[in-house]
Structures are given as structure tokens and as C-alpha cells.
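You will see two complexes here that share chain A, one where it goes with chain B and one where it goes with chain C.
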Partner chain A sequence: MKVIAALFSIVLGVVLLVAANDLPIWGDPESPVSVHLSSYFIEHSVEQTSVPNFVTAVLADYRGYDTMFETAVIFCAGITVMTILRRSHRLRKKNVPPRPVREGQDIIICSAARLIVPMMQLFALYVLAHGHHSPGGGFQGGVIFGASFILLALAYDLKTVLSRLKEKTMMLVSGLGVLVYAGIGVLCLFLGGNFLDYSRLASILQVTEIEARSHGILGVEVGVALTVTCIMLSLYADLASGGEMDEGL
Partner chain B sequence: MADFIQALLGHYNNWAFILLLMIGFYAMIAKNNLIKKVIGMSIFQTAIILFYVSMAVKKNSTIPILDHGHGAVEHAIDVAAYASPLPHVLMLTAIVVGVATLGVALAIIQKIHRTYDTIEEDEIMEIIAQ
Partner chain C sequence: MEVNSWVLWQFDVLILLMVLVCAVVALQLRDLVASAISFGAYSFFMCLLWTLMLAVDVAFTEAAVGAGVSTVLFLGTALHIRRRAKD
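Let's look at the complex of A and B:
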């Protein structure tokens, strides 16, 4: 079996290596990747959306549908993991394998975590809000925010985190994130534009249509960050405790 | 032959991704442990992300963020000075979906372990065959 597998992967590698010769040379500015759509985005995204970070502009405006369903996919993954691992009260009483007892907490790790966590959360908000001008945005900010909770769960235990952020709240907020994203899209629809056409928000926000696109992007990024934060913590909580929501790892 | 070698040397970014792809592919087929299979899947995924991001590179270009910030519209924008944003966007979403699928995969493995008390593939097959 292993020999066949090795043979298969070597054949795959050789085929790809030969095929890769037809790809453009690395770093070629005239390669097909760089000349069609990408150059349009680079030339026009600032005048059309007033967002200097092309990646953010493409992510949340030109490809807004993609990102919306991306957020929905993450939400679905969170729900799926919960459905697979959580057990009903009736089932939990019988047939639960004993979980390893957690050793005492380490004071150095706890103190360090207590110092780092607020900084991380502040930085996450900065990454989220500054995504228009620097690398960042909803996904990145949300992941950092979620990681701060996971750090807390690792340093103390899962119960400490879940007593501050209930599982029910977590799932509600992650649903709310998708709702914020889709809601902004529907709002644009009601204001007479297409779905996710942020320029229609100009009449509400009292800014020009181009600035309205920038603000609309920030709005949907907040929605993405809410979902990603809660789903990251929810995935960790479910996986680390085997769906029992006890002390965790 | 010399042309072929010359062409190979011009594509050394592809070597890395092909090597990672092979490692991931091998792990997915040959490994018996389900966690190792998932690790192989992650390596495979990383190879594809690396491939896309390396395609976005242009020589002598910088990150795809406009230098001047606001009020830069009046300047002409030099397209060759910025890496293409589109592959970065595609991979940004792919990474996040990768985390989500990894979570689901690990949850399924935990469930399998709960049911069969093992995550070795051949042992599971034996238990199913009984």
C-alpha cells in the first residue's frame, strides 16, 4: 500500500513538474494573473471605493457575495462541530468515558495571559478597523480576538471563559455576524440599489457614494469579525472538551 | 535538455509547492492514522495556498496596498508596483475555510474515536467487518 501511494505521489509530482514549465516565469509582471482583472482592481479600487488596501476592497466589495457565503460557511462549520460533538442530557448521563483531570494552574502562565489578553483584544480591534489602510480586516481581526479567548481557556480553564461568554451567547453572536453582513446587503436593496451595493448607503450615512462604499465595507467586516471570533472559540471549546464543555484541555 | 533545465530553474517557486503537494498526497493515501491523514490534507492545502500566493508576485513590486492613502486618486497608479490582489483575496478566504473544514474533520475523528475507541483505519475496518 505504501509503495503504491509513494508511486502515485511521485507520478503526480513529475506530471506537475512538467506541467509547471508552461506557467509564466516567477515574478513576471506580464503573467496572465497580473494583467486582466488584477490591474483593473489596482487602478480603479481607490477611485471607486476610496479604500487604499486593494485586498480589502476586492474582498468586501467587488467579491462581496463570495465573502458573505464564506462567513456563512464558517457559521455552518461551527454549528456542524457542535451538532457532532455535543450530547443531549439523557445521553450524557450514561456512557461517558472519564476525562483526564486537569492539574492546577500555573501562576506565571496565568499572570502572563492576564497581561496579554487585553492587548490582544485591542490589537484585534485595531486590525479590524484599520483593514482599509493596512493588512487586516474582518477575518484577521476576528481570528486574533478569538485567539485571545482561546489563550484564556488554555491558561485558566474552559469554564472560566464560558462563564464570561456563554455558549448560547456565542452562537447567537456568530449568527448575528452573518445577519449584519446580509442585513447591510438587504438595506442596500431597500434603498434602491443592488444587493451589497454599498453606494446606496450614502443617503443614510450622509456621505458621498464613494465614501459610503468604504463605510459599507467596514460594516460587513464587523459582521465577519463577530462570526469568526465566536466560531473560533466555539470550535476550540467543542474540540478541546469533547463536547462536554467542562474544564477543557 | 538544456532548455528544459533552464525552464525548470525559472520555476523554482513551483518546486516547493509540488514537493508539499506530494508529501500531503502521500500522507492522505498511505497513513493509517486518521489524524495523520488530516495533517496530510492540511499540508496539501498549504501547498495550493503557496502556489496561488507565489503566482501573485511581481518583480520589484510591493504589497497590494496603495502607498499614499487617501487623496491619491489624482496620481496615476503604477500597476506594476503592486502585487496582484486577486490571488491574495482568494487565498484569504481559502485559509479561513481551511480552518473551518479542519474543525469539522477533527470533530468527526473525535466522534469516530468515541464510537470505535480507535482512530486507526484498519482497526476500524475490522470492527465494522465483524
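Let's look at the complex of A and C:
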């Protein structure tokens, strides 16, 4: 069986490598992407959206519809893990393997975590808010924000974190994130534009249409960050406690 | 653009080799916890590779999700199932 698997992997690898030969080489100025697409975004994205980071502009504005459903996919993943793993004490089966016992809290780890967590959360907010100008955005910011809660759960206990951020709140906020994203899209619809056409928000925000696109991007990024933060923590809580939400690793 | 200068070319090959080594080690290790850590190292070297290709946004995501959160998720799962794989 192992030989067949190895053979299959090798054949697949060779096919992929041969196919990769047809791709344009990295950074080729003559490739179709460089000739038609990239030049358009490099030349027009700043004047159309006033966002210096093209990647953010493309992700949240030009391809905003894709990003909305990516957020929805993350939300669905979190819901799925919860549906499969979450169980209450009553349903606990007798034959679960014994979990490693936690022997109290380590003062060094706890103190370090208390120092690091506020920094992480501040950095996450910076990454979220500064995604227009530097690498980052809602997704990365949300992951870092969620990771700060996970660090807290690793250093202390899952209960400590879940007493501060209730499971119910977590799931509500993760749904709210998708709703914020889609809501901004629908708001644009009501203001007479296309779905996710942020330039229509100008009348509400009292700014020019170009700046409104920049603000609209920030709005949807906040939605993405809310969803990602809560889903990351709920994934960790479900996986690390075996779906019982009582204690972590 | 003179990004691929002589020094960076050497780095490229070194990091690519480390990616391969980490991937193979992650597959071959029987200890699932060690395997998860090796997979985290794999993600970190992928992150460096993205940075060398100037895809900084992708590198950032790889560092946060691949090397950070998913390693913790793997660890959390590995401690709940039998720690050593059968084959």
C-alpha cells in the first residue's frame, strides 16, 4: 500500500512539475498577468480608491465579492467544527483517552503571557487599521487577535478565557462579522450603487467618492477581523478541549 | 529589477531545501507533536520564501496562520488522539 502511495505521489509530482513548465517564469514582464492586469491596478488603484497597498485594494474592493465569501467560508468552517466536536458533559463517552493533566500554572509563562497579550492585541489592531498602507488587513489582524486569546488560554486555562469571552458571544460576533461585510454591500445597494460599490457611501460619510472607497474597505476589513478572531478562538477551544470547553491543552 | 542578485539566489536555494526537508521530516516522524512542530517550521520557511518573492501580504498570512495558529491547532488535536501514529 505504501509503495502504491509513493508511486502515485511521484507520478502526480512529475505531472505537476511538467505542467508548471508552462507557467510564465516568476516576474516575467511579458506574462499575460503583467501585461494586462497588474499594470491596470498599479496605475489606477491609488487614484480610484486612495489605497496605496494594491493588494488590499484588489482584495477588498475590486474583488470584494470573493473576499466576502471567503469570510463566509471561514464562518462555515468554525460552525462545522463546532457541530462535529461540541458536546456537553452529559453526552461524554466513557472511552475517551485520558487527557494530559495540567499541573498548576507556571508563573514565568503566565507573567510573560500577560506582557505579550496586550502588545499582540495592539499590534493586531494596528495591522487591521494600517492594512491600507502596509501588508496586513482584516484577515491577518483577526488571526493575530485570535492568537492573543489562544496564548492566554495556553498560559492560563481555557476557562479563564471563556469566562471573559463567552462562547455565545463568540459565535454571535463571528456571525456579526459576515453580517457587517454583507451589510455594507447591501447599504451600497440601497444608496443606488452596485453591491459592495463603496463609492456610494460618500453621501453618508461626507467624503469624496474616492475616499469613501477607502473607508468602505476599512469597514469590511473590520467585519473580516471580527469573524476571523472569534472563529480562530472557537476552533482552538473546540479542538483543544475535545469539544467540552472545560479545559484546554 | 535586480532582486535576484547573487546572494539572494543562494538564500533562495537554501530556503527551498529547508522547506523540502521540513516537509519530509513532518511526514516521516511518528510522534505527532514533533510532526506538528516540524510542519510549523515548514510554514515558517514558506513564509521566508514568499518574502523573497516579494509577496509580503502572503508571507504575513503564512506566518500568522501557517506557523502560528495552525501549529497550535495541530498540537491541540495531537494531544487528544493517540500521540504516536501507527505507520
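Here, the second predicted complex is superposed on the first by the 237 of 249 C-alpha atoms of A that agree within 3 Å, B and C clash if a C-alpha of one lies under 4 Å from a C-alpha of the other, contacts with A are read in each partner's own complex, and residues count from 1 in each chain.
Here is the rule we go by: a contact is a pair of C-beta atoms (placed from the backbone, for glycine too) under 8 Å apart; a residue touches a chain by one contact, two chains touch by 3 or more.
As the structure is a prediction and not an experimental result, all values here were calculated from the model.
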Pick one for A:E47: touches chain B only (first), chain C only (second), both, or neither. first
Which of chain B and chain C A:I107 touches, first, second, both or neither: neither
Counting only touches as set out at the top, which of chain B and chain C does A:G242 meet: first, second, both, neither? both
Between chain B (first) and chain C (second), which, if any, makes contact with A:G136: first, second, both or neither? second
Of the partners chain B and chain C, which touch A:L115 in the superposed model: first, second, both, neither? neither
Which partner, once the models are overlaid, touches more of chain A's residues, chain C or chain B? B
Between chain B and chain C, whom does A:I144 touch in the aligned arrangement: first, second, both, or neither? second
Touching partner for A:A20 - first (chain B), second (chain C), both, neither: first
Output check: A:V73 vs chain B and chain C. Expected answer is one of first, second, both, neither. What do you get? first
Scan A:K2 for contacts with chain B and chain C and give back first, second, both or neither. both
Which parts of chain A are touched by chain B and by chain C alike? 2, 26-27, 53, 55, 97, 135, 137, 139, 143, 232, 235, 239, 242
In the complex, chain A touches chain C at residues 2, 26-27, 53, 55-56, 97, 99-100, 127, 135-137, 139-140, 143-144, 146-147, 150, 154, 232, 235-236, 239-240, 242, 248-249
Which residues of chain C touch chain A in their complex? 1, 3, 53, 56-57, 59-61, 64-65, 68-69, 72-73, 75-77, 79-82, 87
Show which residues of chain A lie in contact with chain B when the two form their complex. 1-2, 4-6, 8-10, 12-13, 16-17, 20-21, 23, 25-29, 31, 33-34, 37-39, 41-43, 45-47, 50, 52-55, 57-59, 63, 66-67, 70, 73-74, 76-78, 80-81, 84-85, 97, 133-135, 137, 139, 143, 228, 231-232, 235, 238-239, 242-243
What residues of chain B sit close enough to touch chain A in their complex? 4, 7-8, 10-15, 18-19, 21-23, 25-26, 29-30, 54-59, 61, 63-66, 68-70, 72-73, 77, 79-80, 82, 84-89, 92-93, 95-97, 99-101, 103-104, 106-108, 110-111, 114
